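Some structures are shown below for you to check.
What follows is subunit A paired twice: with subunit B in the first complex and subunit C in the second.
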Partner chain A sequence: MSDEVRFSLTVDGTSHEVTARWSESLLTVLRDRLGVRGPKTGCAHGRCGACAVRADLGDGDPHVLCACLVPAATAAGGTVETIASIGGPDGELSDVQEAFLAEGAVQCGICTAGFVTAATELLESNPEPTRTEIEEALYGNLCRCTGYGRIVAAVETAARTRRGEAR
Partner chain B sequence: MLLAAPRFALPETVTEALAALAERPDAVVVAGGTEVMPDLLWRNRTAAGFVSLRRVAGLRGVSSVDGELVVGAGTPVAALTAVPDAGLRSAASSLGTPLVRTEATIGGNVVSALPYRNLLPALLASGATLELTSAAGTRTVPFDGFVTAPGRTGLAEGELLTAVRLPAHTGFADYTKVGRRNAQFVATVSAAIVSRDGAARLAFGNAAPTPLRSDDVDAAATALLDGRADAGDLRAAVAAAVDPPDDPIASAGYRRHALGVLAVRLVTRAAVDGGLGS
Partner chain C sequence: MREQAQLGGVGTSARRPDGPAKVRGEFTYAGDLAAEGMLVGVTLRSPHPHARITRIDTAAARALPGVHAVLTADDVPGDLHFGLTLRDEPVLADGVVRYAGEPVAVVAAVDAATAGRAARAVEVDYEPLPALTDPQLSLTAEPLHPDGNVYRHVSYRCGDPDARGVVTVENTYRIGMQDPAFLAPEAGLAWPTPDGGVAIDVATQWLHSDQQQIGWATGLPPEKVHVRLAGVGGAFGGREDVTLQTHACLLALATGRPVKFEYTREESFLAHRQRHPGTIWLRHSADASGRIVSVEGRVLLDGGAYASTSPVVITNTVTLLQGPYRVDNGRFEGWSVRTNNPSCGAMRGFGVPQAAFAHEAQLDALAAALGMDPVEVRLHNALQRGDVATYGQRFDAPTPVREVLEGVRAVPLPQGPARNAPGGVGRSAEGGTVRRGVGYAVTIKNLAFSEGHVDESTAEVSLCDGHATVHTACAEVGQGFVTVAEQVARTVLGASTVEVTQPDTLIASAGSTSASRQTMASGTAVHRACLAVRDRLLGRVAREHGLDAAELTVADGVVCAAGQPLTTVAEAAPGRTFRATEHFQHPDTHPLGSPEARMYVGYGFSAQRAVVDVDVELGLVSVVQIASCQDVGTVINPTQLLGQIEGGIVQGMGLALMEEVVVADGRITNPDFQDYLIPTIIDAPEIVSTYVTDPQPGMPHGWKGVGEPPLCTAVPVVAAAVRAATGLALPAVPIKPEHIALGLGTPPTVTWTTPRPADPTLIGTVVLADEEVEDALGTMAEEGASPGR
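Showing the complex of A and B:
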């Protein structure tokens, strides 16, 4: 009996016809089948947030999720926005990405796309987050390098810049 | 049906989901996938296909019907962090991470039936009932007794959990858990309380192979709430009622002690925050 499932998926504005094994995760489809390498494989089971993407999977409002936990074929006909959709088309950085650079919130970088994705989502819904709200929103993202202080500072900086306040 | 392959189905209604399951008896139901996907990765489970509930819109959402809170089995835990039931809200708010809570469903938590799962004590304390649907129709069963052993439930083959119903509470409700660290932890033990009209009802997680409550514990908790007994009496009642596991995470002795501490903590909160005590 065939293990394969065929479905369409739009990633960063490009539509794809995917053929995948029934049990495959959205993360391996993105990275290994479609060559979309923005989402990273950290733990592969929902603990680290390195694979975070924003997705509209036909199950309610679009939201940020761990691509490693989603069976890819359940996203059939859906839309995924990776870190590539957060910056500009020619590689311009978003305000959140600029703030991560300015605050030194990036070291090895494997966690960065996930943090920027989660932080961008937070600022969309809550333009004036407190430090506690930032920590709660980033609770599902792990970083082995920075010690988190610079990351929280970067989100605070991005929020201030977005509100038009001086740094 | 949005998609049907030999080993995969993406139904849009409960009827389609039941039919897809009947055609694929070796497939597993997958809702959020937050248990199933890691289980497959770590080979804790074998499966020969998926029937996904992700696109069954009728299973998602929270409503109030005849004084009960009716939660569709496919409702994400993230949505439970804002429900009127304070016990469920508290148990949902400390489940996993924000990125897990958007996918994790109440149905997956209940059917996984593991003794350390967050929502189970809250459902037991509140006197929840479950709606189970099969091709033969829908039956309603109490949550108390639904879990028969760790990971095992009274769900029949070819049956789906379709909704969880909670009586509306006017009193105080809460949930608390302890683990081996403060971040992203599963409960070593957990407890939930509902107190109203001066009576307390407690339920515990990882206190026995299945979610546990006891009339003796509730009598001691109610007496503590009224000032007719002290904390030591409640701790003794809890220690006598529980039969906790002994495993590499914690000894049975530690769990028995910690469960007593959590019980006293919740009754104290009910007395103070709920304003129902002496």
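Showing the complex of A and C:
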């Protein structure tokens, strides 16, 4: 088809040659073309954060974004880290993932990959976030199940663990 | 039965067994499913809320390359109609469409783009008909459907409904339509099976209900319809009705290929059932001490185009209008009716949030009229064990209304300013216009299925070398049944590892994951099956050691004889599998009005106190704190329990302050997360959660369901706090900024039969610019609208 674009994209350390329609989102490319199912589709309009990934779209500025809002062509040559890049190679969990489990921040879990991604990014830039800073970092992620209390607790626990404080 | 605490057992904060996969992003949700040779299904939906289909031509769609099937009502081999209660809804439109979004045709094609093009290529000529969107008018309008417009009319009285105390408070309340808004839109994958049947992996709440309805549509016997649970991303009632299940199966059978459906967010709003919007009129009369003398109530719920659970929801709303209060004299009536609005059905709370919003506003208005403390009025009227409900059922189990109220009152009030000013980050107003309000609410929620609906579950448990496997048809939708099942297997069997297998229809029904019932129903079935397996294991060990099985116990994975360790569960019978299947059924219940008088299996009670800050100029609200005290039977998993309470409260807060499916001329105008707002992490308040543990008779460990009461209470409690902050009546939820900023509403009608005491401060309750509704309700009552045409 005429509106196809071809480009390379590195996802979780593996480079791919992608053929996609230019109007497709990065999320569609990840999920439907590359079979990378960690990022989820909640709204496809940038309103829920279920699709959050950490990406460097070629400008040398990796940050968390909604994959559903990025047109595929914009991702050309980019580097994307999904939830699969968080945690150890043999399935060990990161401190954030551990904390999400320990604090009961996971119910249905469809929002979890997005929250873990955003929370990981937050703690990298701000190891001691206040409650308000946690809220500002995570308000683009919706959770319909937990009421957020356990999620805040998980981020606080992960921050404490990272600073070497006992829980 | 006494069972000891054990690591990961009942009473501990055991972690979710599906948690590691979920935090890694590796858990397979229904939307992640794929199969070799899979086709993609797409639904063509009616743009009209009411229209006759005069022509439908699929030839052009079928001719498109890559299209494998295009089906309309004519292609449904089995029964065209389905439904959870009444079978009034067509699988595909049967010549008339009755709501905007009704499925008209379905397509299977090689990919989503092709399927979408094909759906658009289906030619449908509609002759639009007038849309009946006002539930008032539905009572007297021409029937929209051969089954008539009234899904159910409920009416009963007790004592002397005309009894009056010194003060009477009456008002009309309105509740908007709430969307379950689970975060993973509907998805499923169906494929034909070699025996001529069909199988489907689907995100659902009730596998056997899907199986039955797929059987109707396909004409296949149940044994040829195999339903398996796919990963579910939230449900909250919105997955109880069939949506894509029948379509996917029909297309799989028609094409001989696997067919996957995955709705978009917009389509999800159109396709599933919402919470019933409604109008409730209530008149409470009380004596000078604040004791309720009589309650009269009328309810009108808009059920939308098809029945779904509307005939059941209305009974909940009407019977629980009395709230958790003793009411000796009353008159209650309600209708759920058909319109050309979206179909409404189950959502967490199932008719009770509507009732709770109204009765709690009334209690506050009574307290204000009498100059009493709102909590004292509630305590004064609190139901107690042994009391009889207005519908005749005796409260014969713990009824800790006072306890939950006192529990919540004991939580210290938050000091200092709110974390977030009203409006959230960046939208706040000046501090001078912010006022703090405190409100209380307490509610009663029936637990489990009611009115004679069979409420049962079956579990199969096996144990081999300390490894237990649990199989049920209970849908895990995020609520944590899988954790509870593991905890039970660890505690009862001393199993070192537990696997909860994928639920499917190869085992008997577990019923729906709704009505706060699965811990009680499937949890108890698992418990019984574990006990039976344990007996078998111990019998075998006893024979081997020449002991009496009655002397043997299991604790922490160790088999003990007379309290002394004998062997471990893992090593007790190498290679040997012990297996048991057990069934649980709740006590029988009976329809409203039957002489047996038991409608409900049991109840949960919840009290909350909300503290809010309101910017009265801009109408913005920040919920500072919600303190909750809930009666939970016993605590099975403290962390999961807290998650259920917090999640429910925030959903209820959403209904109170921001969530409304806006329907204009029968069409949803905000079917997305840009215009349908659910609470974010910034909106969520601090939640302080306390519990009353009063074991529920007849349940292992005395446990009871907990998922719905927090939501039921959060709706009235947030409204009460906003009223307290503003002095406004606010008789409608969601409370919108303009309701506050423009002071919309009028004071309640308060009537004194004796001279009114000097200067009780009146905090009004009100009719929100909707005299029409009130008038119509009045007319309706005068004319005695006829039930059940």
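Following the convention adopted for this analysis, the second predicted complex is superposed on the first by the 165 of 167 C-alpha atoms of A that agree within 3 Å, B and C clash if a C-alpha of one lies under 4 Å from a C-alpha of the other, contacts with A are read in each partner's own complex, and residues count from 1 in each chain.
Here, contacts are C-beta pairs under 8 Å (C-beta built on N, C-alpha and C of every residue); 3 or more make two chains touch, one makes a residue touch a chain.
Source: prediction; values computed, not measured.
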Partner chain in contact with A:A158 - subunit B first, subunit C second, else both or neither: neither
First, second, both or neither for A:G60, with subunit B first and subunit C second: first
Residues of subunit A touched, compared between subunit B and subunit C (which is higher): C
Touched partner set for A:A52, first subunit B, second subunit C, both or neither: first
Touched partner set for A:A119, first subunit B, second subunit C, both or neither: neither
Touched partner set for A:V11, first subunit B, second subunit C, both or neither: neither
Which of subunit B and subunit C A:C68 touches, first, second, both or neither: first
Touching partner for A:A44 - first (subunit B), second (subunit C), both, neither: both
Subunit B versus subunit C as contact partner of A:T82, first or second or both or neither: second
First, second, both or neither for A:C143, with subunit B first and subunit C second: second
Doubly contacted residues of subunit A, that is, touched by subunit B and again by subunit C: 44-45, 47, 136, 139, 141
Subunit B - residues contacting subunit A, complex: 2-3, 5-8, 10, 30, 32-34, 36-38, 40-42, 47, 49-50, 52, 54-55, 57, 60, 76, 78, 96-100, 102-103, 183-184
For the subunit A and subunit C complex, residues of the former touching the latter: 31, 35, 37-45, 47-48, 50, 82-84, 86-87, 91, 93, 97, 100-113, 116, 131-132, 134-136, 138-139, 141-152
Residue ranges of subunit C in contact with subunit A within the complex: 13, 15-16, 18-20, 22-29, 31-32, 34, 181-185, 232-236, 262, 264-265, 419-420, 424-425, 477-480, 639-640, 642-643, 645-651, 672-674, 678-682, 684, 687
Residues of subunit A touching subunit B in the complex: 1-7, 22-23, 25, 44-47, 49, 52, 57-60, 63-66, 68-71, 73-74, 76-77, 118, 136-137, 139-141
